[in-house]
């Protein structure tokens, strides 16, 4: 009897070790996927992708920066569909202020993004409305503002902005945001708190986390980060039209999910999800474009590839109910 | 004094009718000449019907806690298929109705099956599938707008549109209140585990909800193309912009679920949004501001109907 | 004389490597209340869940009235004449009372695909009337009713069709005295009508009082079936645990003087609808117990102290004058709290043991630059998990994988790690077996000796009597009496104050 | 799929520029098209003629749909460059996007021409200068939108319409703004000349690019002004126009409200006959063809020295205001493409001045004449 118990626990230990190994592998799967996809496209396009890496990457910066904020939101179990409108509004602010001074424009963009984030946060946290309802409403609302502000002409920024459009600056900004995000997430209590809120908000609250304050601030932070991304956007684009930032939210969602992020957040998220996901998204997109498919065919392939990737990467064990 | 304990649905109706009267009153005062006559109101109501039908169907999916990003793609694809059936295959109204509804339902089946079988969150699955539907719609349409000839546009005007929409809403009402599907929809939405233990085939009913929703979106497609007369197959997720109006209607339904009158709330809610929308047009406000108003109005109405309970967990 | 109703034959069920039920065989008779007991995780629920189609059977059979049954879900089980009232909440919000009662059996009211709601409501109303639950209205949304009434609806749901066997799985812990009486009444009625109740409970006196026959399981293995009349509590404990369990796992000391030093005072605390104008002091090194019926408001006391109750008025003040109004302040001033609702309010289920233990202590563990060090965190959580002897593979394991008792240990490890001076324990031994209980009592005693102050809120009167220096009894949201520690104290003296 | 090119194609982006003259084989030439959508009505017409031209010349084309979202417009240029295009034609949405586009092309030595669009010399002087200075930016093929707008308004005014409702598609879209300017100018001129018989132009309603949007906008305009006697759905791919017509029909005002627009409908002839349409301008789907030819010739080394130059190529609209007009249009622009393969090859061999001339000449008569010979 005693013996049996012992072997039982040993077995169990092994099984658990196996399980944790499995989850390790699962976490590595998107990275492997990224590498494979990258190689496949390079072979198919005669390594043109490799040769033009800086061009391919130039589309990743805004998505990746904005995804960092959304990553935090999703970690704690929320959603944000207003990101595109935030980028649009913040870009307009950056454009307008850039005529006065560039640093002011950056600060203004961040402030505008943070303000919209605060509005999201207010309705979500203080009025207890589901985050996707709130953010879909604000997405609509601010899209209206963008259209209004661009009715007579696109909002153009100062001509000086273009001087900032260098790969070095964009890379630096992205890396800075990512590194700060990573350090915060991984090496301070901030990350643990976020994960705890995502994994069990009530228990998190009873462990002394000011969950409401935290949730509110994260929405503000995500808004601010996207407001900063607006600067990177504007130095390249130079102006904002009524569709500025359109569908950024969907891109971010797809990117994060491709990166292996569980949509319900919680303890299983990894910071790599942002980087791997954004890169995977861009590589897939650029790769398919380079292959020279027609739009329809490309979209068909995109849809299938996306579903296949998610079906393979998704960690269903941790989700008991999949909504 | 006496009305201290109003029944839930009475309260709900009072709130909604109050909103109708309030929004009508405000704009009538501000713009008495070109707003709010009985004929105008009928027009506004008609304009609200299209989204109402979609929202009413989508409610089944939403109540179960799932989401659908392929609404717009579904409407687009169904409208194109219906139009092709009606015109290219010369099937007339039969083709239009059958084409749209069957196509919508098939899209629903696909959404449901992929969601259930792949076990991926519905939000993600439907995003991926929306890409595919758009592309398929484009292959069918071949880059030409599909135009419904004037003699097939009965559902774009009085009384055809009202009849179709009323039929659809009644059907939804019956499904929700007088069939097992309705009960099980709420059961699954409330607690999937318990529902499963009660012997409910959760997956089957999830797929059914998607099919229902899809078929109603098919009806919405009929109304849409009959109203606008043509449909073009866009790509690059541009169809997503069609998602939001039905979704917002659904939010009304969710907000008023606790009063026991979700479908009615969707109907009246969409009407209110349209009253406000046309009110602003009558005032000559720029169109862009109307999006702002729509978003804001919805947010405020939901805020007013949501009771804030401290410590409640909302995701 | 009694006829066999159900034969359980060589039943087995494993979850992965956990052998939950191993080759279990026994008989259940007609017209009896047949109790099923055993420690946590001994396989009781697994067994009855197989009987009612919630779990599939690995091997073995159930023979009901001579016929093998293999229900695939609850509805099929109902058709065979078996129903269950589950441990957790079994009603669905958003549905009406009638819809809940007939869930899965709507077909009776469906003609040509259309459900006849009126007929359904009418029948439900009649049933509710028959059961004497007239205040519950069939057409109301179930959300309008509290937990207790919802359980009553479940009783109707599970028994209205006169099933041959009704399984009642730890339902009583969720019910107030009143609700329990209601339940007992119906158990009796079922027995009298010649049908059978399978009754699962951890409350041994209740088992002895209400059941005719008792089957004991241990670690998924069948141990014995005995007549209630032939055994006493100690016999049952021995059978359950497999060795002699001494009765003295409570603290043994009496007459020790508690310090006069007040560490925390609760002044005129009111939480609308729950507690009213409550005031008391907690002393250093004291274990202060709170007893009462489940609805008496005693659970809210813990939350009120911890700053976790909303709409609270009145004051909770520490010795140094600090007022506690929210959780972070409470934790910062060395107050710890374990909730009755362990899975929702105590542990973050889908997070690792390590993170759970470190969560409130992260500020202390961070360096001057607010940076955390993985190694340090791991050492910290390992240390306290080991100290609490949490059964785990490592601290990276998710809490959701742990058994109830081990989850509780994780919660305690967290607060020991935080080195809290005031510890509020709400139902610390709820749903926990004797071994772990013993550990927890020893720990409390140790903490007391180290000068910590403990508030213990419990529905188990024996542990209050056994552990507390002082017991406050609550009734209808108010303090209704206070008792000092003494060997003479017995349950009756508490109960008279409670009801 | 165009991924079968050999290794020569890979280094082509640089090879093309170092030795521009005729060194490039046609099959290695890849021209990128950055377009709002290659799948909607106007977009697929453009694609049709571009594909035909590419086939005739034996070059590859590659499309990227950017939906006129600024970020995507600039990204599309990068994607096309990365895909190995040696030349790109682009329909951007705002002038400022061209800064990044030109920069990307300069950096990678890829030729660039605009279609349907031109950088505004007055409003975006800096960008215009940058384009002029660039050795890779060739020029722009574009319609005179204000003139187009004025022309359409005049058709209405001459029909006696005085209360004109305006339906735009996307706020701030450059083409729309140009047309709007024209409508306003037309009405202003009329009012100056006829102070006693003034015309009014409504504030625009925006329809997006859907037919329901058009319907709703038209209904709103009709509701807001009961005396409305004319509608201009300014564009948006044809769907808003369809919707607006449907709304007018539904309201039973077909005879009372005249409609003009800039998107051709499949049943335009019928509509001009029964009065549900008063006039149309269109035929502009050949515009990208000219840009394509410019880029093609630049790659081939036939056109050179773009630094310091800005090739401004105006492209005429075709106006159709009677059923007969439309019949001819339908014959030469709908049922068949206006140019045969040989004509396309011939066009590619024109010099720049010749090409400009060919562009200016595009008309129904011209197509008829060429088809007749």
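Details
All chains are identified by letter, namely A, B, C and D, in their written order; residue positions are counted from 1 within each chain.
Everything below uses one rule, namely that a residue touches a chain if its C-beta (ideal position, glycine included) is under 8 Å from a C-beta of that chain, and two chains touch if they have at least 3 such contacts.
Just so it is clear, the structure is predicted and the values come from calculations on it, not from any experiment.
Relative to chain D, the most remote chain by averaged C-alpha coordinates is C.
Averaged C-alpha coordinates put the centre of chain A at 29 Å from the centre of chain B.
Centre-to-centre separation between chain C and chain D, using Cα means, comes to 73 Å. For the pair chain A and chain D, the distance between C-alpha centroids works out to 36 Å.
In this assembly, the C-alpha centroid of chain B lies 44 Å from the C-alpha centroid of chain C.
Of all residues in chain A, those touching 2 or more other chains are 147-148, 151, 202, 205, 242, 247, 295-296, listed in ascending order.
Residue positions 308 of chain C each touch two or more of the other chains.
Counting partner chains per residue, chain D has residues 37-39, 65, 67, 171, 206 touching two or more of them. If you check each pair of chains against the touch rule, the ones that pass are A-B, A-C, A-D, B-C, B-D. Residues 44-49, 51-52, 55-56, 58-59, 62, 147-148, 150-154, 156-157, 159, 162, 165, 233, 236-247, 285-286, 289-296 of chain A are the ones that touch chain D when the two sit in their complex. Across the complex, chain A is touched by residues 1-3, 5, 7, 9-10, 37-39, 60, 62-65, 67-71, 73-75, 78-84, 93-97, 99-100, 103-104, 108, 123-124, 126-127, 170-174, 177, 206 of chain D. Chain B contributes residues 8, 63, 174, 177-180, 182-183, 186-187, 189-191, 194-200, 257-258, 260, 310-311 to its touches with chain C in the complex. Listing the residues of chain D that touch chain B in their complex gives 37-41, 43-45, 47, 65, 67, 171, 203-206, 208-217, 219-220, 223-226, 237-239, 242-243, 245-246, 249-250, 265-267. Listing the residues of chain B that touch chain A in their complex gives 64-67, 69, 114-115, 118-125, 127-132, 134-136, 138-139, 192-193, 235-237, 240, 244, 247-248, 251, 254, 286-296, 298-299, 302-303, 306, 308-309, 311-315.
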